[in-house]
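There are structures below to look over.
Two complexes follow with chain A in common, the first pairing it with chain B and the second with chain C.
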Partner chain A sequence: MTNHWIDIKNANCVLIMGSNCAEHHPVSMKWVLRAKDNGAKLIHVDPKFSRTSARCDVHVPLRSGSDIAFLGGMINYILENKLYQEEYVKNYTNASVVVGADYAFNDGIFSGYNAETRTYDKKAWARSKDKDGMLVTDPEWKNPRCVINLLKQHYSRYTLKNVCDVTGVPEKTILEVYNDFCATGKPDKAGTIMYALGWTQHTNGVQIIRTSAIIQLLLGNIGVAGGGINALRGEPNVQGSTDHAILYDSLPGYLPMLRAQWQTLDEYLKGCTPSKEMPNSVNWKSHNPEYMVSLLKGWFGDSATAENDFGYSWLPKLEPRGNTSYYSVIDRAYKDQMRGGFVFGVNPCQSFPNTHKVRASLDHLDWMVCGEVHNSETSDNWHRPGVDPTKIKTEVFLLPSAHRIEKEGTISNSGRWLQWFDKAVEPAGQARDFGHMLVPLMNKIRELYKNEKGVLPEPVLNIVWPKDFVAEEWTKRINGQFWKDVTIDGKTYHRGQQVPKFANLAKDGSTSSLNWIYCGSYTEEGGNKSKYRDKSQTPAQAKLGLYPKWSWCWPVNRRVLYNRASVDANGKPWNPNLPVIEWDGSKWKDGYDVIDGGGAPIGVKEKGRLPFIMCADGLGHLFGPGREDGPFPEHYEPVETPLKSHPFSKQLSSPVYLTFHSDLDKLAAPGDPKYPIVLTTYSMTEHWCGGGETRNTPNLLEAEPQLYVEMSEELAAIKGIKNGDGVIVESIRGKVEAIAMVTVRIRPFTIMGKTVHLIGMPFAFGWLTPNCGDSTNRLTTGVYDPNTTIQEDKACMVDVYKAAKLTEIA
Partner chain B sequence: MPKSFLIDTSRCTACRGCQMACKDWHNLPAIETKQTGTHQNPPDLNPCNYKIVRFREHKTEDGGVIWNFFPDQCRHCMAPICKDVADKVVPGAIIHDEKTGAVLFTEKCKELSPEDAQAVIEACPYNIPRREESSGMLSKCDMCIDRVTEGLLPMCVKSCPTGTMLFGERSEILAEAKRRLEKLKKTFPKAYLADPRDVNVIYLLAEEKEFYYEYASFM
Partner chain C sequence: MQSTRRSFLKGVGAGVLCLSLSQLGFDLTEAKAYAKELKIKNCRAVTSVCPFCAVCCQVIAYERDGELIATEGDPDFPINEGSLCAKGASLWSMYTNKHRPTKPMYRAPYSDKWVEKDWDWTLDRIAHLVKETRDKDLILKNEKGQTVNRLDSVFWMGTSHASNEECAAIHLAMKSLGVVSMDHQARV
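Then we have the complex of A and B:
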C-alpha cells in the first residue's frame, strides 16, 4: 500500500478492482464503509457479483482479463476531457519528459522487440538526455515526443466502443464509473484504488497495476490522504516477506538481485546505483552502496572487509535473465534437473497452476522436506489419487510447524506497519516455528562444513549465525548495528549498538543492516518500535486517522508514501481539509506525517526537491521504461481467450509472457470451440488460499464444505444444469468435479457482438480432505507475467457439463 | 430497561464471523454439511448452530443484482411467546431474565414432551428454537448471558468488523436504529426496522422481508 488501511476512510471515491475485499480482507470493509458513511461512492469492478459488490454503490461486471482495456479507456477519457490535475501532472510526473527517437509502438508491439527470444531491449525506450545526463523536457507539451503527447496517442485507441466490445461492460456503465472516479481529479478530492490478486494473476498483471498508477498520477491521487494504490496483501506477512526478499529477483529492501554480469561488488554497485536524471531530484537510490555494504556486513560481520569486497564474491549470482521462481523450480524438477528441496509455507500441489504438472514434477525428486501445520496435498503427494505409492521414489520429511499464534515475532501488514506479536500458546507436540527449524539446521550444516570441508565454505562458515533462535535478536539485526564506534551529531555509538536511522548506514563497513528499509525500527533511543501501542496523536493526525505511535511503519515511520506530492509547489496541501504535510514558508510543520525525503517544496529556489524520491528523475512515471513488457500498458488477451482478434492491435496476447515447454504444458488455441467458456478462480472468506489450514478447521469446513462452480442462469439453461447438480469442468489440461451454484450474480457478457459465458471457482478444496473435491488448479494455465512470473490464474478456457457421477465429491 | 441488539443488514458483508464466533464461544461441534448450490451453510439453525447467516439474491428491475445477508438469531422478545407456551407444561423450562431481557432455555426443557417442544417451536414467530432429538433439549441463542452478565459484549457483536451489529441499552440501540433507518431510506425508500417494539434484536432491513427470509420480521 502507498497508504494504509485506516486511510481508506478519507477517500471520496473507492475503486475496488481486482479485489473482492469483503471476502478476502473482511476487516478492510470497516474502513471502506467509513468512507461510504462520509459520502464516498464505492465502485466494484469484477466479473462476479460478490459480497463486496453487495455493499458497493455500483457493481461493474467485466470479462476477466480485460482490465487494461477498461482502465486504458479511463486514461483516454481523462485526457480527452482534460480531467487531470494539471499542476500536479506538470510538476510531479514525467508528462513533460521527451522520449528518444528509438521509441515506437506499432500495432501492439513496442520497438526493441526480439521475436526469437520473446523479449524487449529496453534501450529502445530511452528518454532523451542532455550532455549532463539530465532528462530533456518540454514544459509546454508542444513536442510531439513528450510523454503526455505519446500517452494521448497511445490511448486514443481506447474508445468507449472498443472498451465496451472487449470488456463486455455497457457504455453507459463505463461512463458512470469514469465520471465518478475522475471527479477525484480535483485538487481537494481523492480516490483510492484497492487491488489484490485479481490484478496480479494475469500475464500482464504488472501492467494492469501500471495502468492504475497512470490514472492516479493524472488525477493527482498519489501521496494524498484517501488516495494511493493499495495492494491488499494476501497473508498477514506477505508485505514483510516481500520486504525481506522472499522473491528470487531481489535482495532485502528491494536491492537488485546479484547477477552474473556483476562479478565484483564494484560492478554490482555501478550496475544498480542510478545517477540523478533531474537537477532537483533526490534520487534516493544513490544510497544503494550504503545499504548493500550494510547488508553484506549484516550477513558476514567481521569477516566482511573492504579488502574482500565484504564477502560479495562468496554469494551466488543469477544469470542476467535467469529465473528461479517457483515455476521454474517445478519445471526443473519435472525435467530431472534437481534432486530435492524444502517446501515451507506453500502448498504447490494444490495452489500452483496446472497442478497435474506440479504433482508429477515432485515425483521426480529423491527427497523433499515440508514444513506444515497439517499434512498437505504436497506433503502427501506420494499417495495422491491415481498413483501407486510403491512406484514413487521421493522420501518425504514432514516437519510439524508452529501455528502463527504459537510463535512470537513481527509481521508487516499491507500498510507497511511492523507489528510485534506475542506467542499466545506453546507449539503443540514437537512443532517448531521456522526459526527453531532453520537455525539448528544451519548450525548442523556449519558443523559438517567445519569437519568435512565442503566446497566454497566461506559463506557458510563466515555468516553471523546464532546458537539458538531468539526472534527479537533478528528484529535488532534487521534494523542494523554499528561494527565500530561512530559519533553522530556529537553522540557516540559503540560497536554492537543499534543504528538510529538509515541515513546513518555507511559503505565503509562500520554499520550493518539486514534490511535498510527497516532501519529505525529498533533503536537505542526508542527500543523495539514494533511493540508501540500508543494511540496518541495531534489533532491533524486524528483527522487523518494517522497513529504515529502505534507500531512503526517503513520507511522512517512514514504512513503515506510520496506525501511530498500532497502539496503544491509552495508546500500548500492540495486538500486544505486533510493535509498530510504542510510547509510554513520556511520549514515543514510538525504534527503531520513524516516528510518523504529531504528538501523543500519544488517552488523554493535551489532547495526545492521533486516528490518521487525513489525514481532517479524524482517524477511519477506515466512513461515507465523499466518493465519487461513495454513503457505504456497495452491490452492483450489472456493466453487462453475466447477471441481470435481484438480491436486494439493485431497482437492477440502479450508478446513476452513467460511459459515453459513440456508434454504437460498444454494450451488451448485462441477461440478453441471445445473450450468456449472463460474460467476465473478465486478464494472466499471461509477458506484461506489452498485451504490447507482452513479445511482442517471443522467449523470453517462446515460453512463451506465442498468445491462449487458459480455460473449464470443462462449458461445453466443451455447446459441443462440445475442448481446443486454435480458437474465436470474441463480444460485442455484436465477435468475437475464441482457442484453447480446457479446464480444471478454471474451474467453472460457480450464481447465483440457475441455472447461469452464466464464461470468462477474457488481453489481451496483438495483431495486430502475427504469428499470435498480436488484442486481447481488442475484446469489453470502455466503462463506467467514476464516481470514477476505470477501465474494467469484469473482467466483460462474450459467447458462445463453435467456429471454422470461424482468420484471426488460425496 | 433490557439490553438490545441492532443488526444493520445494510452493513453486513456475510463474513460469517458472528456465525463462527457463536459456535466457538458455545463450544458447539461442527456438523457435516454439503454444498447444495448456495453459500448458506449449515442450511438452517440447528442444535449446533444458534446463529447462521442467511443469503438471498435477486435481480432488480433495472437489471442489477441485490444480495441480502441476514444474520439470523433469537430476537429475545419483550413478551416471549415460547415462554408462555412452555410455562403451561414445564414452568421454568424457559425463563426471561429481567435484567438483560434475555430469553433463556434451561435444562428443564428436556422435560418437555416432543409434542410440547414442538408447540414451543411453532409458537415462535421467527422460527428459532430447535430440538436435539437424543437429549430432548431445546436450543437457541442465549445472548451470551455468561459474557453479558460480566459486562462483555455477546460474541457475535464482538466479532463483527463492519459495525453491522451493536449491543447496549435498549433506549440507546433504538435511537441508533432510528438514526440509521432515516439514513438508509435515502437510498432504500422501503427500508424498515423489524418489529422494534416487540423484540430486543432489532433488524434494519433495506427491503421487504421476502428478499431476506420469510421469518425476518413478523409484521
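Then we have the complex of A and C:
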C-alpha cells in the first residue's frame, strides 16, 4: 500500500476493483465505510455481486480479464475531457518527457519484439537523453513524441463502445464510474484504489496495476491523504516476506537479484545503481551500494571484508533471464531436474494453478520437507486419491509448526507497519516455530561441512548464524548494526550497537543491515519500535488518522509514500484541509507525516527536488519503460478466452506471457466451443487460501462445509441445473465436482454482441478433509505474467453440467 | 494507570446489570458468582496479531497456567479497534483443535504410512540429505565459465506465515546453500 488502512477514510471516492474486501479483508471495510460516512462515493468493479458490492453506491459487473479495457477507457476519458490535475501532471510525472525514435506501437505489439523468444528488447522504448544523460522534456507538450501525446494516441482506441463491447459493462454505468472517480482530479479531492489478487492473477496483472498508476498520477492522487494505490496484501506476513525477498528475483529491501553477468561486487553495483536522469531528482537508488554492502556484512559478518568483496563471490548467481519461481520448480520437478526441497507454510498441491501437474511433479522428488500446522494435500500427496503409495519414491518429512500465538516476532501489515507479537503459550506438543526448525538444521549442516568437508563450504560456514533462534536478535540484525566504532554528529556508536537510520549505512563494511528499508526500526535511542503502543498525535495527525507512535512503519516511519507529491511547487498542500506535509517557506513543518526523501519543494531554487525519489528521474511514470510487456498497458485477452478477436488490436493475448510445456500444460483454443464459460476463482471469509488451517477449525468448516460453484439463473436454466445440485465443472485440464449455487449475484455478460456466461468458485477445499470436495485449481491454467510469474487464476474457460454421481463431495 | 475501554467495561458492566436486576427483586447469587468467575480471570493478557490477511488485526490472547483460555480483538489497536472477522474470531478453536500433528512425522520411500520420529533424528536426516544433494549438484560454473555457485536441484517454498525474523533467517540459509529456487505465496 502506498497509504495505510486508516487513511482510506480520507478518500472522496473509493474504487474497489480486483478485490472483495468486505469478505477477504473484512476489517478493512471499517475504513471504507468511514469514508462513506464522510460522504465518499464507493464503487465496486467485480464480476460478482458480493458483500462489498452491497455496501457500495455502484456495483459494476465486468467480465473477468477485461480490467485494462475498463481502466484504459478511463485514461481516455480523463485525457479527452481534460480532467487531469494539470499542475501535478506537468510537475511530477513524465508527461513532458520525450520518447526516443525507436518506440512504436503497431496493432497490439510494441517495438522491440522478438517473436522467436517471445520477449521485448526494452531498449526500443528508451527515452531521449541529452549529452549529460538527462531526459529531454517538452513542458509545452507540443512535441508529438512527448509522453502525454503518446498516451493520448495510445488510449484513443479505448472508446466507450470498445470498452463496453469487451467488458460487458453498459456505457451508462461506465460513464457513471468514470465521472465519479475522475472528479477526484480536482486538487483538493482524493480517490483511492484498492486491489488484491483479482488484479494480480492475470497474464497482464502488472499492467492492470500500471493502468491504475497512470490514472492516479493523472488525477494527482498519489502521495495525498485518501489517495494512492493500495494493494490489499494477503497473508500476514506477505508484506514482510516480500520485503525480505522469499523470492527468486530480488534480494531483501528490493535490491536486484545476483546474476551471472555480474561476477564481482563492483559489476553488480555498477549494473544496478542508476544514475540521475533529471538534474533535480533525488535518485535514492544511488545508495544501493551502501545497502548491498551492509546486507553482505549482515550475512557474513567478520568474514566479509573489502578484500574478498564482502563474500559476494560465494553467493549463487542466476542466469541473466533465469526464472526460478514456484512454477519453474514444478516444471523442473516434473522433468526430473529437482531432487528435493522445503515446503513451509504453503500448500502447492492445493493452491497452485493446474494442480494435476503440481501433484504429479512432486512424485518425482527424492525428498521433501514440509513445515506445517496440519497435514496438507502437499505433505500427504504420496497417498492422494488414485495413487499407489508403494510406487512413490519420495522421502517425506512433516515438521509440526507453531501457530502465531505460540511464537514471537514481527510481521508487517499491508500499510507497512511493523507489528510485534508476543508468545502467549508454548507450541502444541513438540511443534516448533520455523526459526526453531531452521536454526538447528543449519547448525547440523554446518557441522557436517566442518567435519566432513564438502563442495564450496565457505558460504555455509561463514554466515553469521546463531546457536539458537531468538527472534529479537534477528529484529536487531534486520535493522542493522555497527561493526566498528563510528561517530555520527558527535555521538560515537560502538561495534555491536544499532544503526540509527539507513542514511548511516555505509559501503565500507562498517555497518550491517539485513534489510535497509527496516533500518531505523530498532535503535539504541528508540529500542524496538515495533512494540510501540502510543496513540498520541498532533491535531493534524488526528485529522489524518495517522498514529506515528503506534508501531513503526517502513521507510523511516513514513506512513504515506510519495508524500512529497501532496504539495504544489511551493510546498502548499493540494488539499489544505488534509495536509500530509507542509512547507513553511524555509523548512518542512513538524507534526505531520515524515517527509519523503528530504529536499525542498521543486519551486525552491537549487534546493528543490522532485517527489518520486525511488525513480532515477524523480517523476511518476505514465510511460513505464521498465516492464517486460510494454511501456503502456494494453488490453489483451486472457490466454483462455471466449473471444477469437477483440476491437483493440489483432493481438489476441499477451505476446509475452510465460508458460511451460509438457503433456500436462494443456490450453483450450480461443473461443473453443467445448469450453464456453469463463471461470473465475476466489477466496471466502471463513476459509484461508487453500484452506489448510481453516478446514481444520471445526466451526469454520461448519460455516462453509463444501466446494460450490456460483452461477447465474440464466445459465442454470440453460444447463438444467437447480440450486443445490451436484455438478461437474470441466476444463481441458480436468474435472472438479461442486455443489451448484444458483444466484442473482452473477449475471450473464453481453460481449461483442454475444452472451457470455461466467461462473465463480472458491479454492479452499481439498481431499484431505473428507467429503468437502477437492482442488478447484485442477481447472486453472499454468500461464503467467511475464514480470512477476503470477498465474492467471482469475480467468480460464470451462463447461459445467449436472453430475450423475458425486464422489468427492458427500 | 489509565483505564482502557476494556477494563472499564469489565469493572462496571456487571455492576450496572446487578443493580438494575436486584431492584426488580431477583436472586442474584448465581449471577454474581458467574460474573466473578469470568473465564479470563487471573489470565495473562498477551498481544498478538491475527494470522490471516494483511490488515493484521491485533488480538489479545489470554493465557493461564500455560493454557490458551480465550482470544479477542485488541480494542486499543487503531486499525481493528477490537473487531475481528470470522477467521480472527476463531483463533481459539484453531489453536486448540485436535487435528494438529504434534511430533515430527516421517514417510519412508515407497511406504504407505507416516511414522513418528524425534526432532534430533529428523533434523539429522534432513541435514545429511541437503549436504549430499548439494555436494553432488552444486553448479560452480555455468556454460560460459562464469562463477554461479548455484544449487538448482533444491527448492524452498514459503512462507508468508513466517515472521520477518524467520524470513531473514530463511533467506540467509538458502543463499548460503546456493538455493535460488525460492518463492512464497506472494503469488497465490
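Rule of thumb we're sticking to: the second predicted complex is superposed on the first by the 810 of 810 C-alpha atoms of A that agree within 3 Å, B and C clash if a C-alpha of one lies under 4 Å from a C-alpha of the other, contacts with A are read in each partner's own complex, and residues count from 1 in each chain.
Here is the rule we use: a residue touches a chain if its C-beta (ideal position, glycine included) is under 8 Å from a C-beta of that chain, and two chains touch if they have at least 3 such contacts.
On a predicted model such as this, the values are computed, not experimentally measured, just so you know.
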Task: May I ask you to decide whether A:790 touches chain B, chain C, both, or neither, giving the answer as first, second, both or neither?
output: second
Which of chain B and chain C A:434 touches, first, second, both or neither: second
- prompt: Between chain B (first) and chain C (second), which, if any, makes contact with A:26: first, second, both or neither?
  reply: both
Query: Who does A:100 touch here: chain B (first), chain C (second), both, or neither?
result: neither
Query: Looking at the overlay, does A:688 come into contact with chain B only (first), chain C only (second), both, or neither?
result: second
- prompt: After lining up the shared chain so the two structures overlap, which partner does A:242 touch, if you call chain B first and chain C second: first, second, both or neither?
  reply: second
Message: Applying the document's definition of touching, compare chain B and chain C: which contacts more of chain A?
response: C
- prompt: With the two structures laid over each other on chain A, which partner does A:698 touch: chain B (first), chain C (second), both, or neither?
  reply: both
- request: Name the residues of chain A shared by its contacts with chain B and its contacts with chain C.
  value: 26-27, 30, 685-686, 698-700, 703
Message: Which residues of chain A touch chain B once you look at their complex with the stated criterion?
response: 22-23, 26-27, 29-30, 33, 49, 51-55, 59, 685-686, 698-708, 723-725, 739-745, 809
- prompt: Which chain B residues qualify as touching chain A in the complex?
  reply: 11, 13-17, 19-20, 23-24, 29-39, 41-42, 57-59, 64-69, 161-163
Statement: chain C contacts chain A in the complex at 44, 46-59, 61-63, 66-68, 71, 76-81, 83-88, 90-91, 93-95, 97, 99-112, 114, 119, 122-131, 133-135, 137-138, 140, 142, 144, 146-173, 175-188
